[in-house]
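Report on the following structure.
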Amino acid sequence: MNDQSATFTTNELITAYLARQIEDDDLAFVGVGTNGRAFTLAVGIPLAAVRLAQMRHAPGACVYWGNLLEPDLSEIPEKLTQDSLTHWQAAACPPDTGTKCDMLMRRAFDVCFNSAAQIDRFGNMNITAIGDYRQPKVRLVGCLAQPEHAAFVRRPYIVVDLDKRTFVEEVDFITSVGHYKGGSSRTETGLSEGGPRLVVTNKAVFDFAPGSKAMRLVSLHPGVTREEVLDLMGFVPEVSEDLGETPAPDAEELRLIRHDIDPNHILLRV
Amino acid sequence: MKEKLTSLDTALAPIASGASVMFGGSLLRRQPNAAVRHLIARGVKDLTVLSWAGTTAIDMLAAAEAIRRYEGIYVGLFNYGLAPNFRRGVQSGRIEVRDFSETAMVARLRAAAQGLRFLPIRTLFGSDIAARNPEQIKTFACPFTGEPVQAVAAAETEFTIIHGYKGDKYGNVQWPVVRDTDDMDQPMAAAAKRLIVTVEKIVSHEEVKRQPSLTYIPGQWVEAIVEVPHGAHPVACDTIYDEDDAHMRDYVARCATAEGAAAYLDEFARSVADHEAYLDKIGAAHLASLDVSGGAQ
Amino acid sequence: MNDQSATFTTNELITAYLARQIEDDDLAFVGVGTNGRAFTLAVGIPLAAVRLAQMRHAPGACVYWGNLLEPDLSEIPEKLTQDSLTHWQAAACPPDTGTKCDMLMRRAFDVCFNSAAQIDRFGNMNITAIGDYRQPKVRLVGCLAQPEHAAFVRRPYIVVDLDKRTFVEEVDFITSVGHYKGGSSRTETGLSEGGPRLVVTNKAVFDFAPGSKAMRLVSLHPGVTREEVLDLMGFVPEVSEDLGETPAPDAEELRLIRHDIDPNHILLRV
Amino acid sequence: MKEKLTSLDTALAPIASGASVMFGGSLLRRQPNAAVRHLIARGVKDLTVLSWAGTTAIDMLAAAEAIRRYEGIYVGLFNYGLAPNFRRGVQSGRIEVRDFSETAMVARLRAAAQGLRFLPIRTLFGSDIAARNPEQIKTFACPFTGEPVQAVAAAETEFTIIHGYKGDKYGNVQWPVVRDTDDMDQPMAAAAKRLIVTVEKIVSHEEVKRQPSLTYIPGQWVEAIVEVPHGAHPVACDTIYDEDDAHMRDYVARCATAEGAAAYLDEFARSVADHEAYLDKIGAAHLASLDVSGGAQ
């Protein structure tokens, strides 16, 4: 632990880091999902990151959330019950989810945030089943739109906690195809250019190495060691020659997150 | 116009064990739970079940061991976690699953609505969703470019059950101007062969025809419409009532074991005479506490 | 001319005749089209016929008109300007015309009414171009949904005035395929079973003979001779062994048409 | 959100001769006539034009000899008869046409909206629509059944111009609850690469976001939005003003000859400084006589 680690939480670090990845006028897809830590990773951090980007350097950045296009992030509902979502004001509420699916297929989304139960060296993910597909050890939720995020969104960011059970050599079921088997194998399957951009965890950040397209450690969060990271992974990632420290949030970012964006600890709760 | 207003009994009578049924709603909204409880009480089994993001409706059917095969994009309990009974059913091998991603499921619904055997997508190359389901997802060559495209088979079920806001006796179902639409109820209705709709309230045809653009399910597509207030309980019907958090927590707790789930169904589906008795059991005061209709415009 | 001919108009005769073809709960597609006589044939007579059927024997019969599903035929607007159509009350007004197209493709329509500039022996029709397609003698309107009516509607009725220029041996451009080249040739192209049911003209009614699928004269309107009909055609139709007289409207039908359905002569004007 | 509110000049500036442009509206509703008059005044030529049921917008462009190729389902003047200038253009061989039926055009728009090269239909077997257009309509075998299916090519144009009811400065365009929908404006918007929307009125974003389900064109899809009151004149913008019968009759009469049509365009498109001058020319009293906004709910 260095001196800074006490001054911000890991969730705040990740939020600020992801916010800096958002460019002006980006359209970001955020899921509606689940509970507890999974909610923080899939919904809370992404919403906070886009709002922070809006307030700092990307006023034109927007989200598509549930089936609301450009909900007003300056007034995130305090209680995420169905009714508060229904009455959350937005620029548009298309007639059904098919509109979002069409936008995905025509590559109208710049950014998405995804989490998974398993992820492999090439960013392929599994949210469907652990073990044998036909009689699994753990049946998970299915697919939702994760396959289309990985297939069509220009810059997918994976937000997941580092864990040996999550970072596996081979996922049990490929729900969404990242860089497939590395190299040019992704486009050889018939998919468009793309694939996950970064994997942002609670310990470190990874990208995918040019050429091999294998996951590559690019920065360690303040106070985290390379060994600690490798110990939490089921495969050995590439390591960037420029391996550095994940930049810490600045005072202004922390102030905005704490006082404006998430004063009631709804988004970054756990 | 043909009158299609009937009882839950009559509307659901044609659905026998072994049928294929699509269920509407998404996550904690407009799951046709009253209809599902009725099917469970009747002991219907061996269903092929399709859904968009399925929660309570699918999990209760799984608890009743009524599902032989499931096809859809999601089964879980949203912010209440994984779907305990569905998990048990799949993990035991009792429920066979074919997973579809959202664009795949949308294409399947639209294909059925368009009388087509399939529609193309470009989403699932390299995925195990496609690899494990060659009978419903096939790669073919684009007739213009020769590039690979994937055909997904139309979603054709014998029955479709949707819970809606309000409707008239001719089966025209309308939504409020401000509403949640994170679902595929309208495309499902268009894709349906035999469509049964439960609604919160039956209103006059005169009220419907003043704002025809709010009719998202035309009576022409409907076989039967039934007035079932709180028909989505314990989940929400947005703009009318919110999800029942206490009931959902109780559901999850009791469904930690198969025995607990069976006891839940005995209590809330099998031992109650009908939907009115169910509502009495839940209690008027408790239902009133879920009311959000004041907030609707 | 026989005695009856003075007691009703040809439009009334056709309206009553078509009304009797409508079955209870039929969903009928009616176009929005054009002006003058073309309006009477494509819109006026069909609307009046369905309304008459509703009032007599088919209370559940409905129309899809423009993009209004089940507009209230008991209150047909007096003036068909855009605004009166917008405010015509209906059971449903789908978000765009795609909904109707999907209903056509999934064969949700029982009945449709079509008119054309040219029609041939097998009920193929042309509303696109007279003469050479690339540099036509007369460019017509295009296609609209006539091809889908002929392809998918269970019982298409063609409503057109008898004329040598209309009833031609071969249409210059096949906009919609009827019985194609006769026999089983329609389904051999890939189309579903079906094709036009009847051709109802101002002089006579035709069906399509079983087997050959060629147009066949089945009834002459009161006072019209077979020779008069054949003289107005560019090809020689088959003639039914049971060639009879088109049944005249009864007093009740005439009363309903004149007093309830079209008191202001909007539908059956010309 | 990005501000997209601009002038007709700026919005239409990127459209040069030789461009491909899709025009919204249908029959006598919401033809983007003000935008068309502007393009004509600028002397844009050689366009590839796509439309749903095109009337005045397409016929004025034809009168200006600005169309090289047309693709769509209909060009005419609805209850005012055939489209005189379009007829002349096609009959002279100046305008090349590819006809599409409604399901074919719907499939083309949806394909573009879905990033697909094509979508399948089963409508056009045996028709000359398909026989005369092998480059955009191709028969292939259903990957499941082997039965023939027809692929129709996506409708991809460089620009799309739609006239709508009201919108905000971010490009969110809303329709009224009661409206006419006999058109394909929303699918066209979804299919557009560069979408320019003219609206009757710019309203506040606050007004828009109170009823987000009325937003049929989200600002995300829009490149430029322009306030152009009476932008569809002489046709209707339903719930706001009706079609101008006197002007339509005059148009048809003057367009009996190519010279008359040219004189019409000189008077109403080329010699007026801008849309405001056009409205002045039509006259406030006459415009007021077309007003139907009292009838709208």
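Lettered A, B, C and D in written order, each chain numbered from 1.
The rule we apply is simple: a contact is a pair of C-beta atoms (placed from the backbone, for glycine too) under 8 Å apart; a residue touches a chain by one contact, two chains touch by 3 or more.
On a predicted model such as this, the values are computed, not experimentally measured, just so you know.
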Gap in Å, rounded to a whole number, between the CA centres of subunit C and subunit A:
58
Quick one: report the Å distance separating subunit A from subunit D, using the average Cα coordinate of each chain.
40
So what's the Cα centroid distance for subunit A and subunit B, whole Å?
29
For subunit D, which residues are shared contacts with two or more other chains?
110, 115-116, 121-122, 139, 147, 149, 178-179, 181, 210, 212-213
Multi-chain contact sites of subunit C, meaning residues that touch two or more partners
93-95, 105, 152
Hey, how would you classify the chain contact layout here, line, ring, star, complete or other?
other
According to the definition already given, which pairs of chains are in contact?
A-B, A-D, B-C, B-D, C-D
Within the complex, subunit C is touched by subunit B residues 1-2, 110, 112-116, 170, 172, 190, 205, 208-210, 212-213, 215, 218-221
Please give the residue numbers of subunit B that touch subunit A in the complex, ascending.
26-29, 52-53, 72-76, 78-82, 86-87, 90-93, 96-97, 99-104, 106, 110, 121-129, 131-132, 139, 147-150, 178-187, 216, 235-236, 238-239, 242-243, 245, 292, 295
Spell out the part of subunit A that touches subunit D in their complex, as residue ranges.
25, 27, 59-60, 62, 68-70, 72, 89-95, 99, 102-103, 105-108, 152
Which subunit D residues qualify as touching subunit B in the complex?
115-122, 138-140, 142-145, 147, 149, 151, 153, 177-179, 181, 210-214, 297
For subunit A, which residues count as touching subunit B in their complex?
32-35, 39, 66-67, 80-83, 85-87, 93-98, 100-101, 104-105, 128-129, 133-148, 151-152, 173-177, 180, 185-186, 189-192
